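Read from first to last, the chains carry the letters A, B, C and D; within each, the first residue is number 1.
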Amino acid sequence: MTVPISWYLLLSAFLFACGVTGFLTKRNVITLFMSIELMLNGVNLSFIAFATRLQTLDGHIFVFFVMVVAAAEAAVGLAIIIAVYRTRETLNVDRVNLLKL
Amino acid sequence: MHQFLFIVFAVFCAGGAINLLVQRKTINSALSLIVVMGSLAMIYLLLGAEFVAVVQVIIYAGAIMVLYIFVIMLLNAGDEEASKGSNVAKYFGIPGLFIGGIIGIGVLLKHRPNDTPLKLGALYGPADQVGMLLFTKYLLAFEVTSVLVLIAIMGAVVLARRSDS
Amino acid sequence: MSALTFLIVALIKIAITLGVLLTVVAYTVWLERKVVGRMQNRWGPSRVGPFGLLQPLADGIKFLLKEDLTPPYVEKNIYLLAPGLALIMALTSIALVPIGPVIHLFGISTPVQITGVVDAAGQPSDINVGLLIVLGITSLGVYGIALAGWSSNSKYSLLGSLRASAQMVSYEVSLGLSLVGVLLMSSTLSLSGIVHAQQSTWFGVIPQWFLFRGQFVAFFIYMIAAFAETNRIPFDLPEAETELVAGYHTEYSAMKFAMFFMAEYANMVTVACIASVMFLGGWTGPTISFLPLAVQAFLPLVWFTAKIFFFLFLYIWIRGTLPRFRYDQLMAFGWKFLFPLALANVIVTAFFVAWRA
Amino acid sequence: MPPSSTDYVRILPEIVLAVWGMAVMFAEPLLGPHTSRKGLGVFAALGCLLALGATVFQAQPAYAGFGFYNMLRVDHFSVFFHCVVILVALSTTLMSLDYLPAHKIDKGEYYALILLGAVGMCLMSSAVELVLIFIALEISSIASYILAGFRRHSAESTESAMKYFLLGSFATAFFLYGVALLFGATGSTNVFRIAEVLNTSAHIEPLAYIAVALIFTGLGFKVACAPFHIWTPDVYEGAPSPVVAFMSTAPKAAAFAVLIRLVIDTASPNWFWVIWVAAVLSMSVGNLGAILQSNIKRMLAYSSIAHAGYLMVAFASASNRELGISAAMFYSAAYAAMNVGAFAVISHMAGSHERFSSIDDYAGLGRRSPALAAALTFFLLSLIGIPITGGFFAKFYVFSAALRTHLIWLTLIGLVNSGMGSYYYLRVIVKMYMNEPRTTAPVPPVRLGVGLAIAISLIATLWLGVWPNAILHYTQGAPTILAGK
């Protein structure tokens, strides 16, 4: 039994879309960050699926770099959250509104 | 078997992703994200990317998400409050996403003729070969990531350290 | 081997391993009480059965029959999930540990390892990235503790679990790095492959364990980090009872508490297994030729068990001896001493391996 | 085959910057808590100078070409952007020497972050492999996020960092998805290989179009062109002024470099209408937004969106490779010079806690500090595009490139926008010379660091405005090389 590659790509697109939706609708900063992680995960699945179709390990390598970047982003992002929380005492993005958007 | 396993984990994945959106409690969202990551690791295994799968568990589920949970606990992030903020993003973003999704699916469906079927473990990615590639062809990228990590560490320390009185 | 036989063999192996593991866990508790008792000039448990040998059974019955409280204001789902998660993660990793060589029983050959199989050429093989899976499962173990503390809705629990997760994440780095030296020398990530790399001896006497092949620094780093990973004295800050009542399991009682308890001891056993596989040659050991063949077949298991119990005794011994660290000392020790040392060990080993090649 | 010594020369500027950054990082904890970090800043500036020297060394024809397993490529194009980025880093370092102590954020990590961030920006201009481009992009972005929040006790600064981070990572995810699809559609992550596949194969996979759109979205966020500009005003307002000088120019120039390499070299021309739309939107939104602002940093933020729009005009005309690309390169250099200069003056004027950042605070500056006012006037005139300034020739080349590729409407819209834009720049100048000062407090004396930063920008702007041929000649060499395999 085989699985067509488009199934993998659809799943990956779905995860990405969920991430985008979360980013646009959620109000808690930490959840927003998690939505971004979800988007990156969706992308990773695409990389692996394409690598499998093309029979090259380059896609796997890309996933490693994405993971490193995600880890770095998480560290910096959570530090920023802590800094924001210290000056504001809130995690709601709508209340972080000193600078008008 | 492959199809069955794929469907099971894909359902877990999609369910976790949806649950992340629906949940109001931050910690529940985080847990559903862990479920997504775990099932993605299983899907990588199905494709034969064993090393990537394990690293996915160790890095994503074992390190990054622990950090998230840690911060959630540290800041005592409870329920998400429903607030009325600017909804511009929603009004433009969601329809945009919808249209983008339709285009994407359209492309994929149109693509159907050369839709490659993937067998179980179709591209075997053992640790030694991945490492070989990492230290030859991608050597520069690998070295440059150290700068990235250094910046991240430094930034985290600078931004989150206690007030220097 | 047909699929059905494979399945049956695997199930039998799982059942046996799980049974043995849980027994070992139960009797480690007994051993601990007994040994610590002797160290402190007490008797330890002595009433239930000869030498108190039935004490674990009595404890188990007690845990089962006690009232199972769920405090109000807890996050119910996560509160119930956490102990299960901790126990499952603790029990899972034993599946990857090679406990013995290939055995032949009833016309079936199979290695004494749940994930191990015999390939077409009759050679034992297991998962290629076995060690990484063990590390992955260990890194997931922190969720049980973190979630327990979070969901209990109590400040002691929260503080305990914050400490625990920070501690485990920090020491995991040194733990992982300390194993890299061994990986460089054995050039495989498969656990049974690592055991095979240590099979030969020098002069027919001294075993070529990685501990004797220059990895003793790594061994000590591993042991220290492992103590911190399992939250044992002198690194048991998450449950430091003088400050935090009982840390993350303050709000747990009866069977749910017992699950945390079992998870901790199962983790100790796993850590000991990995230590003996990575540094002490796993199930390898001297063959004693005058014994009958049937007994000799079981010698590897004996060696393995002996090594495990050596480590378990070490745990108990240290518990009876050392005081607890202060939390900032613990963090400083992990990051400022252990981590650079582990890194240095990796670099030195890498140079050595490259020079030999 | 291990990399040769030539390979290392090809990343020499990056090596110098990285080593200097790490040296600053290591030196920081060795200094006592009350020691001034000015010495570290001077040291970092020296590192920038050395990196500039390394770039000049690298520019010799002997070192041109691919390096590190075809990961990067040294050519006119990369050398040009290296110089821009390193000069911006140098000016930022110099203007921060006195800003940091005044705001009680005198930390060595600041300089280390600028140097290490510059590593990423330099690599962005020379990388030809998407893996490396992605990592370099992230280095530059993450360094900018942290720098934006460097005044971490100020609510504005942390808020700016948060918004920048959120939208920046969001954009990164889009970029990455685009890369993944491009990888799937063409089977490679090498820019030249991708270009080859897309330009030669008879049937381009539709996936490639989606991929380019996603990549464009991601990079559009980074260069702040409309409709992906919303983060810009908030982030620029909250971030420390020297940091704004840095992140409104260097990462942007680098992102434009990536955009040039990727979009122009890989996409077939039917994509240029998207750039056309983005250019028109950016110019209009930027200029209209800027008119409404009362805070000078916000005003310049909107102006930077408008300038991104002008740059996009150059892109839209890049179907004529020679003119479009060289105009875009010239524009990014000119914009960097004049914007850094303007922000150098602003960061000097800002006072503690960035109190004086309203346009009204600049009233009467012509009398209070004639030299500063003259410098700011010069930079603002350059932003308008008055002759003898770099801004003039930048706009001139962009619009003439557009005209030569028969983009009449785009040129017209651009010119109208240019006229509209002059209003808000002139408003500041009028305020400075015609209005009464609000306070009698003397403007703090200009120290050496800020003075040098202003001088560098002034000279660069003037040079580009008076004698543009040398630069132009150099940039015109780039496109032919860029195209060649």
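Keep in mind that, in the parts below, a contact is a pair of C-beta atoms (placed from the backbone, for glycine too) under 8 Å apart; a residue touches a chain by one contact, two chains touch by 3 or more.
Source: prediction; values computed, not measured.
Considering B-C alongside B-D, which chain pair is linked by more C-beta pairs in contact?
Between B-C and B-D, contacts are more numerous in B-D.
If we define chain centres by averaging CA atoms, which chain lands farthest from subunit C? Would you check?
Checked the centroid distances; the maximum from subunit C is D.
Using mean CA coordinates as chain centres, what's the gap between subunit B and subunit D in Å?
The separation of the two C-alpha centroids amounts to 30 Å.
Which whole number of Å gives the spacing of the CA centres of subunit C and subunit D?
Centre-to-centre distance between subunit C and subunit D: 53 Å.
Taking the mean of the C-alpha atoms as each chain's centre, how many Å separate subunit B from subunit C?
Result: the chain centres lie 30 Å from each other.
Which positions in subunit A touch two or more other chains at once?
9, 19, 23, 33, 49, 53, 56, 58, 61, 65, 69, 72-73, 76, 80-81, 83, 93, 97, 101
Can you tell me which residues of subunit B touch two or more of the remaining chains?
Residue numbers touching two or more other chains: 51, 55, 63, 67, 72, 74, 104, 111, 138, 141, 145, 148, 151-152, 155, 157-159.
For subunit C, which residues are shared contacts with two or more other chains?
Correct list: empty.
Can you list every touching chain pair?
All chain pairs meeting the touch criterion are A-B, A-D, B-C, B-D.
In their shared complex, at which residues does subunit B touch subunit A?
These residues of subunit B touch subunit A: 1-4, 6, 10, 13-14, 17-18, 20-21, 26, 29-30, 33, 36-37, 40, 43-44, 46-49, 51-52, 55-56, 59-60, 63-64, 67-68, 71-72, 74-75, 77, 80-86, 89-90, 93-94, 97, 101, 104-105, 108, 111-112, 115-120, 122-123, 125, 129-130, 133-134, 138, 141, 145, 148-149, 151-153, 155-160.
Spell out the residues on subunit D that touch subunit A in their complex, using ranges where they run on.
130-131, 134-135, 138, 142, 145-146, 149, 152-156, 158-163, 165-166, 169-170, 172-173, 176-177, 179-181, 183-184, 187-189, 230, 233-234, 237-238
Would you pull the subunit D residues touching subunit B in the complex into a rising list?
Result: residues 3, 11, 18, 21-22, 25, 33, 68-69, 71-72, 107, 109, 112-113, 116-117, 119-120, 123, 129, 131-132, 135-136, 138-139, 142-143, 145-146, 149-150, 152-153, 158, 161, 205-207, 210 of subunit D touch subunit B.
Which bits of subunit A are touching subunit D when the two form their complex?
Counting only subunit A, the residues touching subunit D are 9, 16, 19, 23, 29, 32-33, 36, 39-40, 42-43, 46-47, 49-50, 53-54, 56, 58-59, 61-62, 65-66, 69, 72-73, 76-77, 80-81, 83-84, 86-88, 93, 96-101.
Could you please specify the touching residues of subunit B with respect to subunit D in the complex?
My answer: residues 103-104, 107, 110-111, 136-141, 144-145, 147-148, 150-152, 154-155, 157-159, 163-164.
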